[in-house]
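Written out below as structure tokens is the structure these notes cover.
To keep things simple, chains are lettered A, B, C, D, E and F as they appear, and every chain counts its residues starting from 1.
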Amino acid sequence: MAKEDIELIKNGKRLDGRKFDELREIKIEVGVLSRAMGSAYIEWGKNKVIAAVYGPRELHPKYLRDPRRAHLRCIYNLAPFSVEDRKRPGPDRRSVEISKVSSDALSSVVMLEKYPNTVIDIFIEILQADAGTRCAGLNAASVALADAGIPMRDIVSSCAAGKVNGEIVLDLMKEEDNLGECDLPVAIIPRKKEVVLLQMDGKLTREEFKKAYELAVDGAMRVYKMQKEALISSVNDVIIGE
Amino acid sequence: MAKEDIELIKNGKRLDGRKFDELREIKIEVGVLSRAMGSAYIEWGKNKVIAAVYGPRELHPKYLRDPRRAHLRCIYNLAPFSVEDRKRPGPDRRSVEISKVSSDALSSVVMLEKYPNTVIDIFIEILQADAGTRCAGLNAASVALADAGIPMRDIVSSCAAGKVNGEIVLDLMKEEDNLGECDLPVAIIPRKKEVVLLQMDGKLTREEFKKAYELAVDGAMRVYKMQKEALISSVNDVIIGE
Amino acid sequence: MAKEDIELIKNGKRLDGRKFDELREIKIEVGVLSRAMGSAYIEWGKNKVIAAVYGPRELHPKYLRDPRRAHLRCIYNLAPFSVEDRKRPGPDRRSVEISKVSSDALSSVVMLEKYPNTVIDIFIEILQADAGTRCAGLNAASVALADAGIPMRDIVSSCAAGKVNGEIVLDLMKEEDNLGECDLPVAIIPRKKEVVLLQMDGKLTREEFKKAYELAVDGAMRVYKMQKEALISSVNDVIIGE
Amino acid sequence: MEIEACLRKDYITNLVREGKRLDGRRFDEYRNIEIEKNYVGEKACGSALVRLGETKVLVGVSLNVGEPYPDAPEEGVMTVSAELRPMASPSFEAGPPGEEAIEVARVVDRGIRESGAIEMEKLFIEEGKVWIVFVDIHVLDQEGNMIDASGIASIAALLNTRMPRYEDDQIIRGEWSGKLPISCVPVPCTSVKIDDSILIDPSLDEEYAMDARLTVVTTDTINAMQKGGQGALKEDEILSAIDLSFDKGNEIRKLIQGP
Amino acid sequence: MEIEACLRKDYITNLVREGKRLDGRRFDEYRNIEIEKNYVGEKACGSALVRLGETKVLVGVSLNVGEPYPDAPEEGVMTVSAELRPMASPSFEAGPPGEEAIEVARVVDRGIRESGAIEMEKLFIEEGKVWIVFVDIHVLDQEGNMIDASGIASIAALLNTRMPRYEDDQIIRGEWSGKLPISCVPVPCTSVKIDDSILIDPSLDEEYAMDARLTVVTTDTINAMQKGGQGALKEDEILSAIDLSFDKGNEIRKLIQGP
Amino acid sequence: MEIEACLRKDYITNLVREGKRLDGRRFDEYRNIEIEKNYVGEKACGSALVRLGETKVLVGVSLNVGEPYPDAPEEGVMTVSAELRPMASPSFEAGPPGEEAIEVARVVDRGIRESGAIEMEKLFIEEGKVWIVFVDIHVLDQEGNMIDASGIASIAALLNTRMPRYEDDQIIRGEWSGKLPISCVPVPCTSVKIDDSILIDPSLDEEYAMDARLTVVTTDTINAMQKGGQGALKEDEILSAIDLSFDKGNEIRKLIQGP
């Protein structure tokens, strides 16, 4: 962050030619795994992410069980080869934090009260990483939950905005994340436009925040449309398949 | 240990001006924490130590439960910043050993048989360390147990003696511990003057041991008085407070 | 492996003077430990190995219990001082793999169905290692199981063959294992001459494999004879002892 | 215990509905804050004990010499670790930091790092050698709002930090060569949402009762934010939490900097 | 669940007795194999996704510069790791590799190492510096025969691997200086024994039903073998598994090398 | 099991009250001690197997070259580790050393270190390079008094230790350049208190029945002491344990040094 002397924006365009409010290309596939109860694949720019859902299932050890609701556990994992400098396998502090905030975000929409004493496990695997993996992972996880038939009040949709060379832009790619001034990932419940995940680091005034926030929410709404389309076409596939 | 050529004693006085049988300054406070069931703070020379008690409470996993008595667990922990060269967080072998001998010492006075199947947890945090932390920790732990209202047959009081430049002295400070010839921490049940913790390393003849031992027990008896005073004044505080 | 230019065979003899189909010297003792329910010691060339058996006993945690049969766990461990370059204590990946294939091999003969919900633990300690430790360990473990009185359909007997300077030879020693072209450890159920453990790494044609395999099985049959003799003489000891 | 927690949650929520808090505070009011700098000054390079109501956090700063990161070879290194010591709460367990401890450490870390509070370029010694600043957060008593207490204690401890003398490739322990260079004072302020109201500085009971939590770390700009909890926040709630955080941040900054 | 597994086992065994498999394959027939090389080509040095029926394994290869082993100072180093990701099966748990993952990694490792597939002597850079080749096996969907899928994906990924540019003691990420030198293509083929028959490429149900398992890794010779399972194998069963493995190995090798 | 342990405890205590021990020993009598030096002499630099009654401990000594501690740059380094192997007792579990193993290692370590038994200054090689002496205690059969068996085996193994040849910055394995320099023979003697009597060398049953335990490591002085157990000791009990330890230490020292 904070190195403002690198030219990330030329003639009003970003390094990859995008406009300030333009998303990278996104592709969503539903039901990509055989064993998992639900799964989804998302390609978001150079990010490649799979999410899978197991549960509701038995929670061990027993004393962790909650008689009022299911326990939702989300594990975010970066594959060793997903980044240029190989990452050592196993959770680091960043992954643990993302797993926590993702669990919180998804818990807000899943009807956990329907499955007391159980656990719902969500696994997010980052196969290729290029900034924005937590948003991509959440979007895939929501679709995977829907694919698993787990009852939800709404879906979670997520997108980041940020500040690059003094401009507020949508959906940072790797170079912008590394060299830009701020990153603001947001996840929302689209129907109410309420926020279930929000993190930020860098430097923003109150006004810049408002602008970036609204841009990120707008991006998330666009992602929401793609999530719905992917889910509908997967259901159609099934119907046509039959 | 064993480097006798460093002058730790000049004109019958120690580096910090103390006489051979003189304790460092000691301050004890009772009930310093809000969440713990009992707690105590001890300042002993440059040592700063907090002890806290939780329990009797449920022990997990179940098969560790003892139907005849409570399990007493004492965990001694050195804060990373408590020593000049930062200590990596987490237990090392020294901490594990001190935790074990401290658990044994405290188990000898707590009426564990009153709480079968449960666990009593005692946590000792060394916030600043300057030799003698295990003694300071035990003294604080005893007071914390009393503060928690856990029934005890007696209190545990602890003090070390040692050998420095050929002299048997009471209550070693850091330089004496590092460069002296022997350290002998002792913990006693004051009423019976019996020993519940005793460790020693260095070089002592049988006669020197006897002298050092009796000095340490005498030191522990003086600490015992301070522990009682701290407990009585804390009870008075409560009464006056009401 | 694979360095064929080192002369491991001279005038039809191996470095230690053995013929191609000759075993190293083997000594087996039964019942060498006091606490274990069964135990055995094997000296095989320079290898020194102890195996011990505990169980059937309670398995924790409960949800691992199998209501149809006992769980058999074999742990293979190399002592730090068993090799010239000290090995760090604790399991490495090689030990974990050997533990797994040894558990599988022994599970094939032990009548696990007789002890549902329990665990049978087998511990193999390599005190001195000189190639062939997994075979030595399995042989000792079989004898220890018999010593513990655990019902078995048969015993497991094990031996390796390999390829050294182009020749198929029996029972590789350290230098042959390090510099030879192939190692093929095999464990069998002697009565049926069927294989319960087989691993191989190096280079072998189909024909070489067949020759090496048959040599290894032949070696295992010779070991089987020694295992039986050791067990019979241990029973005699008991009878004579009485 | 669980039932008690539910009842307390209802009680707290009802109070908030009436515009009240259990301890009588206004919604925009912090509990009493005491900052004791240099609390363990005999061994640590810097330290501060913070009492936020009954919540107690001790932070110690240690300095060592080590290697810089390859992508910033002329800058010092900072690492923030948090330990939720088991004495601080019946729900904290001994062992390596869990997700809660990691979150505390990372939010505090981001606030300090992104604000540029430590002048990292002044921690360069020579090629391949820089100062490593260890910020160790020790939570001793958890009565709510650990993040703010930890963040306040961390920057207070850093302001209190002396640089050890370094001569002939060796640290001279116990001798000092000036203060750690600090350029600004990032302050975290945490609000929670209970029954559609925004309250600052949640007590433990309020943390149980909350729908969502928002921490905003400010200097003259926002430097870090972290939403927590399983509920959702509306845009205006976020904006009012930001406004509150700037206001309270200024007040707390004065306390940290001292008279 | 347990009862269901027992019933399925009986069902599979009865089918085999009649000369049939649940999915209609012949005993010597593999499921469909799809190999997608360069699947994560933007970051990894080499990669391949293999679909073996519904089993899915992704392997990524990363290269770094490091120290050689003392006993081979002029050769590169290879390490193979496998992670059975918890998404791949309800029985896989998060955490460090267990014995099953370690077995997969070690069998794949031995096949590559013993066949000399990587020309290790070409990975020497200068005294004390060689290329380290990390082969990371990521099992994403376990529907049986993970070892073959992992082994096929590993050698396919190695064939796809580019060497990063190395200049002035530094790796230039994103620039390349040629391919990783590979001399041959070791292929693992796994057979199982069910009711005295030998079947190749077991599905998950067949793995539950099997008495024993035998993996044979071949090039022009056998390079590695691994027996698994708690049952026993006869000599002729082993020999016919070897013959099958040479045959199928040749077919699969062509698939791996591509058109 | 638990009930049996209680009954045995009562039985042992009653015996002691009558002045007897279960195995007929006097209170001041050790079980039979057998010391087999060089037990794993083909690979380890030094080793010894000790049988103390049925208790069996094997100690191996390994030497490596490494860095000295910064505060003693011209001295070798010793580390003592103990593993209570799960074969030694039904109550020992696989895994990293627990508190019992750590206590054994640390008491043995202190006895050797504080007596100055290893002439550390002779293990200096050149600046930044010294010999590292690894003492690995392997408890194989726990029938009581592991500490004494471990301490005896450790010093016996050290007396048996050869120094590897070191040439051109390399250890030549299998060749030797003399013995490890040892200056004295510290011996640990452990007494237990049962029903106000002091017994030396407790058997396993006596360890269950004991109120407290005291280990005294002696050369010509006391070098280390460790009290164990949840009971208390009186001054005269401690002094008589010390006297016993000096006496028995002399006898055992002769056994260790051999004919």
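Going forward, a residue touches a chain if its C-beta (ideal position, glycine included) is under 8 Å from a C-beta of that chain, and two chains touch if they have at least 3 such contacts.
Note that the structure is a prediction, hence the values are computed from the model and not measured.
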Chain F reached from chain D - shortest hop count over touching chains: 2
Each chain counted as touching chain B and chain E at once: A, C
B-D or B-C - the one linked by more C-beta pairs in contact: B-D
Averaged-CA centre spacing for the pair chain F and chain C, given as whole angstrom: 31
Chain D and chain E: spacing of chain centres that average the CA atoms, whole Å: 48
Distance from chain E to chain C - Cα centre to Cα centre, in angstrom: 27
Rounded Å distance between chain A and chain B, as computed from the means of their C-alpha atoms: 51
Overlap residues in chain C, where contacts from two or more other chains coincide: 61
Multi-partner residues of chain E (at least 2 other chains): 97
In the complex with chain C, residue positions of chain F that touch it: 39-40, 42-44, 47, 54-56, 58, 60-62, 64, 81, 83, 85-90, 94, 96-97, 134, 136, 138, 140-143, 173-174
Chain D-touching residues of chain B, taken from the complex the two chains share: 33-36, 39, 46, 48, 50-52, 54, 57, 75, 77, 79-86, 89-90, 121, 123, 125, 127-130
Touching residues on chain B, where the partner in the complex is chain C: 61, 63
Chain F-touching residues of chain B, taken from the complex the two chains share: 1-2, 67-68, 93-94, 96-97, 99-101, 104, 107-108, 184, 189, 192-206, 209-210, 213-214, 217
Contacting residues of chain B [partner chain A, same complex]: 60-61
